[in-house]
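Following this line, the structures themselves.
The following pair of complexes shares a single chain, chain A, combined with chain B in the former and chain C in the latter.
Let's look at the complex of A and B:
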């Protein structure tokens, strides 16, 4: 990681010309077609009565009102909230611990590092299948040897348990993303300036003091940016839940993505689903904006 | 941080290896499932040793999964190629030139990357149903642009910024035209970045499920979407599920070995230059 600024200001032609606009034109046109048009269409639908594929009357904010008074909507926000609130801090702590161990010196790092990327780079749908195999009712290697032995859930698969299904999904998310956090934090640690550490060593600071008063503040913007990306991802999570629980049992694991999917393709209530989509979009847009500002100003990354 | 003793290194290595094996155990288990006969698979208590069989592979081939594999590969290559052609000049422009409202334009690109796919798939489905793009390579490649084109431009830009500008300045002083500078100076230097970023795009397309599931169909059916074929009325064919899972993992394994340095940068949208 480099923290130096090159580029932009020092960059080529002093006067603005049409050339850069020509270079970005294909990308901008494509993105307008594939992401701005669908967004505008979703906004349009969210203001209309659209059920069973037929768009009828313009009804102002009725879809949004229906959404806000829909208990499933609040349930999905709750599910996403619990998901983020448990998964992300645990991933952070385990990731940071792992990164510190790695940066202290480990033999065979060049073999270890690529292996650690596997869970993160796997298709989410395969991650789902993998854990379906591990946690299959009665014969799955983990359900037989761990879950049944300690009587956590008996008889069925953990994904059929109203009480534990969400925690099983959170566990899978932690499994999938902790190794990545470890490697991202490790990259961040490698890039820290050495000067302050020498000064701290001269002053006789202890390991804890160095970590909390030096490493953490230096890493703060990076931690924030990665945390924000994970926050966004956790709201987006769809494939794993879809293949493992389909949001069930009941609505116990119904994230906003699952709810929007069900509203659209199970109930064909397109108007309200679009209202939900627009709502989630707005949250995301704010999160993106914050991500961009922090990454640009504090990390000089862009 | 240079107070490490050989004993300390040994312990840390031991901890790291144990953690890595724990993390990878499910993957190793899935690989072993490929060769398991059915009676061993469902055995209680778990049987760790068995005589391997290739029966699971036969069924997967008989079910026509090879055509799904080809579809996945084709779609990945087509959509990635489109992204590279359209996105490379934009990444260069964003790294090198002053533009009005550049921040806003760039934020627009980031926002299209961040949008939750399920929000996009609703309007996409309705629009495609009207204009007949459902179940076509063009339709799915376009849909993949929403996340891959923005990702590509965003990450490749951070590679562009790492290039020294002096070479381009020298070429301009030599009297080269701007397209010449791009093709003969920037493009060759950027080749590694282009390869790394586009391979990540390929993996995202390869792994994608929701768009392929909703906007695809019987003629464009990717590997992840075909998996439900193994969930039959007689129950789930777990051994075959493991085979398909491992096959879809293969390119990912190749990528993590070859591109490990660039994955962190890619997945943090360039915020960490691993």
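Let's look at the complex of A and C:
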């Protein structure tokens, strides 16, 4: 009797060793085909001379060397840096403020919430076209009524201003993504346990104490995940810039994604474009890991 | 201040610095969960608030703490009407039945959090020692740096208890403070916490569904049932003179047996006639039988006052064995009478009995309680 049981127990792990892999196989195969293989091919290309559609010599790090000495590359990093550094924190703060207002029970919330989702639901191309019209030189609604009236940029679209075009794009990104942040944080607030808030009320904690010492720590995991997603998304922004400025005027709004597009499809320098893609991937890889470690230690998230 | 019910003598004794609620009522939807509750607790006094689950104990505590606003009635703390005072300014320490620990703080930080909230982050001298002492008392000293997620239910309950005990509040409200602890720790903490509270100068309320726990920790005991105060009194009062069947059934292990029947008198003697049983009543209970008042009554008799007997014993009530629990120190036998009632008998020794076997049992001579057949309140 005992022997039979031992036999059964011994047999089970054998099946267990390949069974889980079978279950995740469809996802893993799909992931490999659509994501890992192209990525590895990009790494392969980045070590080869690949111009005008012909992959030729293996040239070690020459593509990377060319990239690092290319001022357009550093310009694109600067553009993305400014874009992320301004857009993401503002989206965060506005989103959190909006979420707190929503969770306090605003009248007509059930109508407001779907309306708020509209900017986020729109295809980025549509967002671009919409703002192209709104901010068109002299006759655009905002151009005519605000920008020209206060003499910020006159005679032409703000997108033609080397000084302000990037900020206009940042403004549009904030417009597009703040509602998403607001709703994500609102959902997070709704899911928080009520008990600690009651305890805080009885303990006599003030509104600031409750927000900074209770709400923020409890929300930390959500804030971290949303923050990371927005950081990655904002860094590789492409669609709205492509439709509105194409990276111009000059290279004033040329993000890494746009630069890679231009390198590939305008200059057909596929090797260097691949090097750029790999470089950007490395930045994300390092940044996400640093983020993750900080979150794990300081925020007690995860 | 509305006019208040005067059926309980304790209301009039409203201490200047204690806790007093008067005529408190609260309705949730169609349910009146608290109905005209009045009680007072003196400084240093522990009031045990006993009631079955759903009786409104938690709602009452939350109203005193200010988390719920009453529909009617008033609440005084330290001589001040706190009806319009925010929860944080009442300086009440409330231990939540659901613990309500801060999930992102360690055990130690959780315990000092109320002090920190009031002192804007700075802790007074001696707080660390006080916390250490509490942690040791509650046997969670080794858990000081853990977060609540890594604790069991009983450990969380002790952290919540420590968080309430570390404060120096205007009133301490413990909502089922030791319900999830093991028996050994419950025994220890009942005495220890009671001792601690008696030395304090604030009033305390200790809510519990366990009648015996209430009797052991309360200077006085308030019995709450279906949102109403059934009785307030000393533990002796409650035990010896339970005001109603509801009260009687809450106190006792196991609860009192209650039979429906009628009173009869025959010459000098008075009898209780229930289903297949006629019991002679002691002279102390005979007055009602002779008074000619409504004869329908309930007879209450504690399980300890009944004895098992052989089948066919004189004056024995025939019954069948329904269940038999051996506790070691005593045993509890449940019998089903011919009328289908379940009667519990508590006896010293454990006797092996076959389930369903016919036996009989005897009513002892004394220790009967008579309750009115309509209102269920104690008659004398």
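Heads up, the rule we're going with is that the second predicted complex is superposed on the first by the 261 of 302 C-alpha atoms of A that agree within 3 Å, B and C clash if a C-alpha of one lies under 4 Å from a C-alpha of the other, contacts with A are read in each partner's own complex, and residues count from 1 in each chain.
Convention: a residue touches a chain if its C-beta (ideal position, glycine included) is under 8 Å from a C-beta of that chain, and two chains touch if they have at least 3 such contacts.
A quick note: this is a predicted structure, and the numbers were derived from the prediction, not measured.
Of the two partner chains placed by superposition, only chain B is touched by A:292; chain C is not.
After overlaying the two complexes on the shared chain, residue contacts for A:38 are found with chain B alone; chain C is out of touch.
By the touch criterion defined above, A:199 lies against chain C but remains apart from chain B after alignment on the C-alpha atoms of chain A.
When the two complexes are overlaid on their common chain A, residue A:217 makes contact with chain C while staying clear of chain B. Contacts of A:69 after superposition: neither chain B nor chain C is touched. Chain A has more of its residues touched by B than by the other of chain B and chain C. Once chain A of one complex is fitted onto chain A of the other, the partner contacts of A:113 are limited to chain B, with no touch recorded for chain C. Comparing the two interfaces of chain A, the one with chain B and the one with chain C have no residue in common. For chain C in complex with chain A, the residues that touch the partner chain are 65-67, 86-94, 96, 98-104, 113-114, 117-118, 147, 163. Residues of chain A touching chain B in their complex: 1-2, 6-8, 10-13, 16, 19-21, 23-24, 26-28, 30-31, 33-39, 41-42, 45, 53, 98, 101-108, 112-126, 129-134, 136, 138-139, 141, 144-145, 175, 178-180, 183-184, 187-188, 191, 197, 222, 225-226, 229, 232, 235-236, 238-239, 242-243, 256-258, 260-261, 264-265, 270, 273-274, 277-278, 280-281, 284-285, 287-289, 291-292, 295, 299, 301-302. Here chain A touches chain C in the complex through residues 193, 195-196, 198-206, 209, 214, 217-218, 220, 300, going by the rule given at the top.
Residues 1, 4, 8-10, 12-13, 15-17, 19-20, 23-24, 26-27, 29-30, 33, 41-46, 86-87, 89-90, 92-100, 103, 105-112, 114-127, 142-143, 145-146, 149-150, 153, 157-158, 160-162, 165, 168-169, 172, 178, 203, 206-210, 214, 224, 227, 238, 241-242, 245, 248-249, 252-253, 255-257, 260, 263-264, 267-274 of chain B touch chain A in their complex.
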